[in-house]
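Listed below are the structures to be examined.
One chain, subunit A, appears in both complexes that follow, with subunit B as partner in the first and subunit C in the second.
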Partner chain A sequence: MSSESPLVVLPGETIDPSLIPTHKKNPLRLGPGLRHIPPSEIVPTVAGQLVVDHRKTSMWIEYNGGRYIPSQGDLIIGQIARSATDFYYVSLSPYTPNATLPHLAFESATKKTRPQLASGELVYARVSLANRHMDPELECVNSSTGKADGLGPLKDGMVFDVSLGFARRLLMAKSREEGKVEVLEALGEEGLAFETAVGRNGKVWVGSESVKTAVMVGRALRETDEKGLGVEAQRKLVKKLVREMR
Partner chain B sequence: MPREAEPSANEKAFLLKALQDEQIRLDGREFDQYRPLELTFGDEYGVANVSLGKTKILAKASAEVTVPFADRPLDGIFTIATELSPMAAPHFEVNRPTETEVLLSRLLEKTVRRSGALDTESLCLVAGQKCWSVRVDVHVLSHDGNLTDAACFAVVAALRHFRKPDTSMENGVLTVYTPAEREPVPLGWLHSPFCVTWSFFGEEGETALLDADWMEEQVRVASVTISLNRHGEICQIAKLGGVPVEAVALLQCTSVALTKVKEFSTYLDDKLAEDAKRRDKGGFMAELRAENDRIVG
Partner chain C sequence: MASTSSSPSMAIPGQFLGPVSKFQPGPGTHIHESNLYSSLLGVVNITQPAKAPGPAKRLNKIINTQTTPAELPTISVLRSAGSSDKREVLPEVGNIVLCRVIRIMPRQAVVAILICGDTVLEAEWQGLIRVQDVRATEKDRVKIYDSFRPGDIVRAEVISLGDQASYYLSTARNELGVIMATSEAGNTMYPVNWKEYKDPETGLSEPRKVAKPY
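What follows is the complex of A and B.
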């Protein structure tokens, strides 16, 4: 991210041509929220922060809202809707078409050893195929190495719904510096033992031995998201929650 | 027709574990605690906007002059119209009432209409010929559980806030005055009933909670809706299926419900008084003055 102060754009606004990244060889790549009108016009379709990456010659709009639209490589938490002959139908968000997850797309799965999942169970999966006008496809295994890489069925624990923008912030490689999310670290520093899995479809799975800890983590996440808390406020919130629950 | 989204198996199991083993709710509330209840009135008379946590309901009361029913020539007409639109949740469809919608309108009917909260005789203008028809439209804007309690509160608030145009009868001529000619008059109101819904969890319904949110409603095994007013007069108790609940537990529920209803009642009275103060420009002389409202300071 190159811009020092976030640049907010509105739908239909003209984008300053000097902001558009150029490269000798690589074509410009447009991400979510931008639309190319031939021959040479780029128009935002949503309101949000314009993010320009000069290194990758790409630009997109960061906004918080709407429904999850699958794109290839996303990590998601899905809910098994039902099983068909050789794949599961998985719901990524309510009231949207299901994604498919082949029975054999799990680590060292064969016809006989594949995991048996009932409807309503959760999986942590990667979107392997996402084309427009087609149901997305998922996998719980890295197809080149055959390893699960932490993907697979999620046992016990609790799922909390967060906004899509917050899920993206949690998934950032440097979620503390860039995403301004410190709530999980702060909870860990308080000596709470828990594990999390963040799905890009706005779901966070929290697993813990103690029910109280999981509830506390969920409340902290939800409150941070809903109130848009800054780093300082997040730490304060965690302190408050810990005091309340003990 | 899209089916209602269901929480996952993990969520259901976790919620039950938290409620039964640890005695905590996911949002940190006490078992007998409501989510924050908020009420705002619109600019017009009879518009009440109620939010109970993320559940949001808009109720609008209106009145028109019609012909009374032939079998009740001395009574006015009072109807409550509930509609759950896809705006509340995508599985609701227009013109195809779901079970939730039918139960909701039935409960409101029983609580407000059949308990005689509104004095329908005062709506009669000319016996057998003309009467007021009062109608309350309930719009669910957002559905996060416990629609009944929020909707009932909204209906009562809208009706208590509503003013119908003043009328007079002279030499057999009925005149309906506009608000500019005569100040509109409130409805003949007898008592304010409120609904309080208990949800039960566990094999035999041993855990009871107030004001269940959407997720809790999906997991509960039974629910009881008690309607009563601040004097402890019970209008109805609805327990529609589910596991049986012990009589002693039910008595306890009713006594807690009474304290809640008293809180609702006080809150509504305060809000109505606040709104009346906001509308009151300070008597006849103040109304006649030609000055504009100026922002002080």
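What follows is the complex of A and C.
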């Protein structure tokens, strides 16, 4: 992790070779946003902050794009558009081709017992196949174990739109330190009971027994995202919201 | 003998060419109510039939006064001014064709048929390779994305003339499949085994249904 000021790169810039992590045995791994032109050129393809991890010998670019491009293994929140013979058409983002979600890609689904999902319902799914030649495919079950692991239809609750970068920070394992997102923990500390599901395609689902709580959580997330609040400002925002709504 | 001035030299579809009693229909023509009409826009060719070697010495044989069908000249309409041997080649069932993959979908691959046998086709016909026709074994576990990619050149066999949109093709034999492929980086790849192509510059391999080289 870089301790000095973050390095922002533009597409096509040359990267200083001293920044590239080298290791005796491990090969260098390139994450999203970087392209390798053999034999030895590494070129960024998006504008963003270059992040280097020496421990894992990897480097990638953190960027906040406008359009979600599906990649394999991503968790997303999609809305069922319609149902075909063997699969559902699920919309991940507006004005893009629908993804397909097979009827049998749910936990304990057989040909006789299919899930009954109406059009307009939300599902929390994982992208099983995504490439630039075909429409993406989803699954609601871990294909190796057969268990759902939290995937499946999302009942009740509300969905809020957030930017892609914010969704990525929310999904980080250590969202407090690395993502600088404390808003959800702060709301929980105030005594609100809710559950969330974050989709990498820029959607956050908030489910709660009381509508006020869900709305409060949604507003907090939206404001944190839009104004780019730091940790302290997030705590202040949470306190202000709780005071307003009570 | 039929005179060429009675039938036109150029014909448009639907143009009257002559009665059935005077001409034998050839390619590019059709018969309607005992008259020959042109089906294509092109040049009208009249080929005289080969003279049947008749027994000239049998003077007392009753000769049919009407000309037999074999002695009528054949009238045909051809698009180009070439010889009448050059016909439009169409893929038939059982032909081995070379095609380029246009689009892949989860259950089929759409291809454009370019070469039929040894002839380069003048028009591109659309073909379809369904997921159950890609391989001969394990048909239910085939993934189109691991067998073809857009831009590949594929050798396939026509299994059916299909519907209005496309022919149906199959690559379910060892010598059928992808014969030329380009990698994601843009380089031409070499086959490694029946399911992999390798890019010599980057060293990465990509899955394809590879045709066995002759």
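As a convention for this text, the second predicted complex is superposed on the first by the 235 of 246 C-alpha atoms of A that agree within 3 Å, B and C clash if a C-alpha of one lies under 4 Å from a C-alpha of the other, contacts with A are read in each partner's own complex, and residues count from 1 in each chain.
Note that in this section a residue touches a chain if its C-beta (ideal position, glycine included) is under 8 Å from a C-beta of that chain, and two chains touch if they have at least 3 such contacts.
Source: prediction; values computed, not measured.
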Partner chain(s) touched by A:R219 [first = subunit B, second = subunit C, both, neither]: first
Which superposed partner A:I61 touches (first subunit B, second subunit C, both, neither): neither
Touched partner set for A:P94, first subunit B, second subunit C, both or neither: first
Subunit A residues touched - subunit C or subunit B, whichever exceeds: B
Subunit B versus subunit C as contact partner of A:Q79, first or second or both or neither: first
Touched partner set for A:P38, first subunit B, second subunit C, both or neither: second
Touching partner for A:N131 - first (subunit B), second (subunit C), both, neither: second
Complex contact set, residues of subunit B against subunit A: 2, 5-6, 8-15, 17-18, 21-22, 24, 26-28, 90-91
Residues of subunit C that touch subunit A when the two form their complex: 103-106, 144-145, 149-150, 185, 201-202
Contact set on subunit A toward subunit B in their complex: 79, 91, 94-95, 118, 120-122, 154-159, 205, 211-212, 214-215, 218-219, 244
Touching residues (chain side subunit A, partner subunit C) in the complex: 36, 38, 100, 129, 131, 133-135, 137
